[in-house]
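There are two complexes below, and they share chain A, which is joined by chain B in the first and by chain C in the second.
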Partner chain A sequence: MKKLRVKSRIIVVALAIGLFLIGGAISYAQESETITFTVRTRAKPPMENWRGDNFLLAAEELNADLKAAADPRRVEIELVQDNTDWGPYVSEFVLSYGAGEAVDIWLTGHEYIGTQAEAGRIIALDEMLKEFPTFNLVIDGLWDSTRYKGKIWGIPQDAEARPLYFNKALLKKLGWSQEEIAVLPGKIEKGEFTLYDMLETAREAAAKGVVEIGNGFWTRPSNGPDFTAFYYAFGGETIDFATGKLVLDKAAALKYYKFFYDAAQTYGSMGGLGLGWSDSWHPGVSGSKVLFWVGGTWQWAEWAEIYLKEQGGEAYMWENFGFALIPAAEKGGKPNSLTHPLAYLISSQCEYPDLALALVAKVTNYGPNTRHAIASTHLGILKNQTEYKFYKVSRLLSETLYMLDYTTFLPNNPYWGSYSTITYEALAAAVGGEFTPEQAVDFVVDGLQRELGDKVIIR
Partner chain B sequence: MKRRKQSEERGIFPLSNSLKTRNWNFSRLQGRLAPYAFLSPALIVITLFFFIPLVMVFVLSFTNLDMTNFGILEWWRPANWSLDNYVKIFTNRFFPKILGNTLIYVALTLAFFNVGMALIIALITTHISRGAGFAFRALWLLPRITPVVVYIMMWKALAGPAPMGIINNYLLGPLGIGRGEYLLNTSPWVFVILVNGFIGASFGMILFSSAIEAIPKEYSTASKVDGATTWQTIRYIVLPMIKWPLLFVTTYQTLSLLTSFEQIMLLTDGGPGLYQTEVWALTAYHRALTSYFGNIQWGYGSAWAVVLVVIGVIMAIIYLRVFKFGELVEEPKIDRL
Partner chain C sequence: MRLPQKSRAALAYLVLIVPSALIVLGFLWLFITSFSTRTEGLRSLGWTLRNWSFLWESPFGPQYPSIWWVTLNTLVMSLVMTLIVVVVSSMTAYALSRMKFTGRKSFLSLTLILHAFPSVTLLIPIYFVLIWVSKIPVIGRGVPLLGGLGYNTIGGVALVMVAFQLPFGIWVMKGFFDNISWDMERSALIDGASRFRVWWQIMMPNIKPGIAALSIFSFITAWNAYLIPLTFTAGRAGKSAVLSLYLQNFISESVMTEWNAVAAVGLFQLIPVVIFFLFTQQVLLNIYGGGKKGGV
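So, the complex of A and B:
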């Protein structure tokens, strides 16, 4: 009898140990449920690396939150970050989605939202956003850039201004006084110095040998968002908000093409189209060969870091370069700028969109966003970010902030790519003297009608 | 019958007729199948990676498959096919320019380098000492064996604006020619043709050199004895004797140049300006695989590629007819005697 009791005690103890071990193993297994999120970003190293690197820190923070909330899930980040061109970058996402292997969090230009939302490759975020109060920090106007068909599909990551830069040293050579140079941005803001005043100045500079012919005014060397700001300056519209369709305003387009035709053919001041970015364009503008040029605030960091480091970087640039809004088309008109926010989108193939959004919420805060803004000279996206201690240290970001009051966006429409290609082809032909402004408009109307049919409204 | 019976009695059984036939059939079948078995790996690879993609590209060219409808459009259904892409190509305002660029590029590169320069190098290097000739030919192979990105970077450095550009700095500057501009912008075609030609010349150079080396020395010796000049020896002995490689290189390199675009893409990407050096194959690439705003149009790009295939096939047929390839490949008449 006694033996039996001892035996049963041993069995009870063994069972208890067994249960304890199994329980421990289960709880361990639960704790170690790790979910890998693939984050894909495009960044120019080293300036823009925080676009992706912020997630590595965010994962640690989120894991701490999950642990505190007794949530057994843990996250880890697989980061894919490089500086590939936009075309291949977008194809990569679309094709990987087709193969069922899309990344979870995808950073991209806001204008791609229309295409991806229409194809069901990304998810609408409206409902989920409410669960993360951090998103209330984002400047209200920036949400418009990620809205498509009434829903929000992405979280703004950064913004910028695309100013008209000018070379102070060359203006001095042309005979401008220190004071005249200093007040130029103000005159542009008030609409007193127009686009054609700029061309006149550029022509004079070439005539006096201050710059080479064709180096008076440069735009970016290939298709891209900047040109749309000029079309807006001439009163153009790109989207009909009632129908969501793309719009071409023929009268504005004619003025727009006439300006670029004049810039190259009449004033002999516009060169730069077709140049390579790193072999000619950046060395040209940063090497004081060009009087006026349109660039982005993020290029300020690029010039300081890559092209002008030996000359003194930013200090040299403050001495020699100035910036202003893109001038108005006519006296007294409104100048403008264009912001092209990048946004984090969440793939519809992501299995845990709640955690993906939680990660995005972590990087959408003053600390992480300011790290990126300062390093890459992009504008912040958060309310009162200018008051944030570490944001204030950037003089450029503080001095260009007013440009957001004049900012414009590209439209979110699936067919923007085709629209942009056709309108740019006409522009390049007008600049090259192959088209008159009227021929350029005819070409665009014909091309848009053939390519997009009733998806575009021509006024 | 008697003998058979005797054999059977001794336990020896002749092979039955049917068995013999079966064996014979089997070995004949084996003989017939063996070549196909040897060919099958290549056949499978070509089918998988050439014919099937070719058929797909052909089908795609009738659809409007692009970034907006990828994964949604059922492009394989005939209901979604139309000739719209082809209409778009032939009514495109830049179609004549791109076609013209392609013809200029192929004709000039072929004439000056892939055949012309190749022949000159072959003639020179086979008429100097063997070692020097070999070394010189090896030098001409360098552009072909250099990775294309490195090769193009070298050309960009050569063409760069003053004071960085090597040509501007060390050649045009001292001679007082030009204004030190970026030569790829001022003379893009010169560089497009030079860059491709320097690579292309080596192919013909090798074939022509070996063909010239194979000409029996007696012919040139005899011509010299008869008092022929060098030019006469080349014109009346060498060129007729290397007619076959000459025609082959012309045909092969024409088709090769028609479809090549990677050097141009890396060098000028079709610019500067609008379509200044854009050739047909590059347009197909631009439309089908790349675009700044990601409006990649696989269907439209495929149509450009299909038209290029048709142009290539037509050119090949013309060459076959004009150069009478049939006569070239038939058995020598002397062997029939």
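So, the complex of A and C:
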């Protein structure tokens, strides 16, 4: 009997404890609801890791804001960040969206916005942006890169310039004085030194043995945004803002292809196409084998850290390398640069887009953006960022930020991929001497009409 | 003119040594490179353990899953796939080898046709199947360790790999069953054993070399798989990352590849395969034994 009584008491106590725990858990759950946000970013480690890592700090800040505002929600971040190539990276988002498992915040090149917006995989942000005044800090011109059909679909994450680099030591060998080299960027900015002046200089360098034939001027080795800046330099347009359709300007395209045909076939100064990035291209340009080349500001850090560390890294580069805008096509013309901003997009499967945008707002500020800019040598995206104490420490970023005043973008159009491929195929053939400039334009017109039909306007 | 015995032996050794040396040199380079700061051919220009630092710290930042988690994922995927392939292949092969039923030949031909399909052509249909599986309660998402059998789970990837590996497995196992004498099986059936019991207790012990061979092939296929995990898992850095994707992360189109680190991770990826091979090679070497003797 006594044993039974003890057992009953134990059961009662256990039940009481159980009820207490369940009650406590329910009460805690009611008090706060933790929401996990999946953030997917692409970053070259370790230079670009702040693209995703900034969110880990942002979550802490946002949780403090939510607590202060008596909002029961709390956020935590599941960060997926690696250096996968763009093709699989975009496929991954599309496939996971199809499975109903898209990430909440997705960082990608702004040129994918058109495709994703058309497919309904991302949301327009215009209305929500007003609730976060920090977005007013973003340089106004950069919003154009995330606009599609009149709406804003993403928040610019970083920007860069794609300057024309030149090798000071090789120019000296060619007979240029220190002063002539120093004023070259200024002459380019004023339109006094044109693209053809560059080819002439490159030809002279090859003729005098300063560089090997074909090493006077290099572009990137494969298709990519850099080439579009040259098309713009010759007056080309890629998009009709009224209709959102792609545009090919035949007259500009002819000049563009003639330039590249001349560069390789007439001046004998162009090379670089088809090379491997890490085994030939980077060693070539950083190894002082090339006089002029088009690269990105973000590559400055790679050259310093990876290819030229033993020679003195950045100090050696300031001594030997210079940079300027992409020269104008004609004397007195306007030089340019091309920015390919990455942007944070919010998936339409995200259940709490307001909180997702709040997180993006946290990372779109001087501190987080400067951390990324300095570590990765990308340009800042915020107004007055050159005045920010910690941004100033980077001489390169401070000296290249003016290039955003001359910047151009790729068009946000779902069919840009086909357009870009066709125009590049023609360019490669013109450089290789297989096409004359006229044949290259005919090839592009045929290809665009066949593949895109009325989705492209040919003028 | 006939060469003397010694010369013939020497020639045979020469023929064997030359191609083997090339392979050995490859592995030697891999080993030396993984412990070197830089190499010139097979000469190390400085020894270091830095290339192996991925064992204790993630080279891609603290948020990236550790190599041990990635290895566990790969191991689970490979073992699950191997187990299912061996069991299903041997059951199917036994039926195809020993029983006569309508559609037997067509089935065999069909499996061969399926094997001939390049996996890349089936990726999209399989994707839709996996999405459908994801929606099934528990099986789709709730299987411990495997995550489930749907899209973006280790189990889902294993399931797809099984589908691609089964035709090969069935044909291999059928060959082994065909070589076993009817007598033992008939005796067991006369003694009252069921078909399942005959398969399990009489036939399976006699085809151990076949099981070993198929296990090794399946395990290595799964262990090194790239395209299927890449397509059906979301993110190399995600929870379902496997070793081949982890390794690929060191090789980017626009950043200089640190081949010393790649060599170290490659060598690490090789270790379990070698261990697995060592454990199964004894059985595998009896592959032509047949009957009781081969059963060991």
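In this text, the second predicted complex is superposed on the first by the 430 of 459 C-alpha atoms of A that agree within 3 Å, B and C clash if a C-alpha of one lies under 4 Å from a C-alpha of the other, contacts with A are read in each partner's own complex, and residues count from 1 in each chain.
To be clear about the criterion, a residue touches a chain if its C-beta (ideal position, glycine included) is under 8 Å from a C-beta of that chain, and two chains touch if they have at least 3 such contacts.
As the structure is a computational prediction, the values presented were derived from the model and not from experiment.
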item	value
Clash-or-fit label for the pair chain B, chain C on chain A	clash
Larger contact residue set on chain A - chain B or chain C	B
Which of chain B and chain C A:111 touches, first, second, both or neither	first
Partner chain in contact with A:80 - chain B first, chain C second, else both or neither	second
Partner chain in contact with A:37 - chain B first, chain C second, else both or neither	neither
Touching partner for A:293 - first (chain B), second (chain C), both, neither	neither
Partner chain(s) touched by A:91 [first = chain B, second = chain C, both, neither]	both
Which of chain B and chain C A:273 touches, first, second, both or neither	first
Touching partner for A:218 - first (chain B), second (chain C), both, neither	neither
Touched partner set for A:53, first chain B, second chain C, both or neither	second
Overlap of chain C and chain B interfaces on chain A (superposed complexes)	85, 88, 91, 95, 98
Chain C - residues contacting chain A, complex	59-61, 63-64, 127, 130-131, 134, 150-152, 230-232, 234-238, 248-249, 252-257
Touching residues (chain side chain A, partner chain C) in the complex	40, 44-46, 49, 52-53, 56, 79-85, 88, 91-92, 95-96, 98-101, 103, 277-278, 282, 302, 306-307
Contact footprint of chain B on chain A as seen in their complex	85-91, 94-95, 97-98, 111-112, 115, 118-121, 212, 222-224, 273-276, 279-280, 414-418, 420-421, 425, 428-429, 431-432, 434, 443, 446, 450-451
In the complex, chain B residues that touch chain A	67-72, 88, 91, 93-94, 156, 160-161, 179, 182, 185, 268, 271-274, 276, 289-297
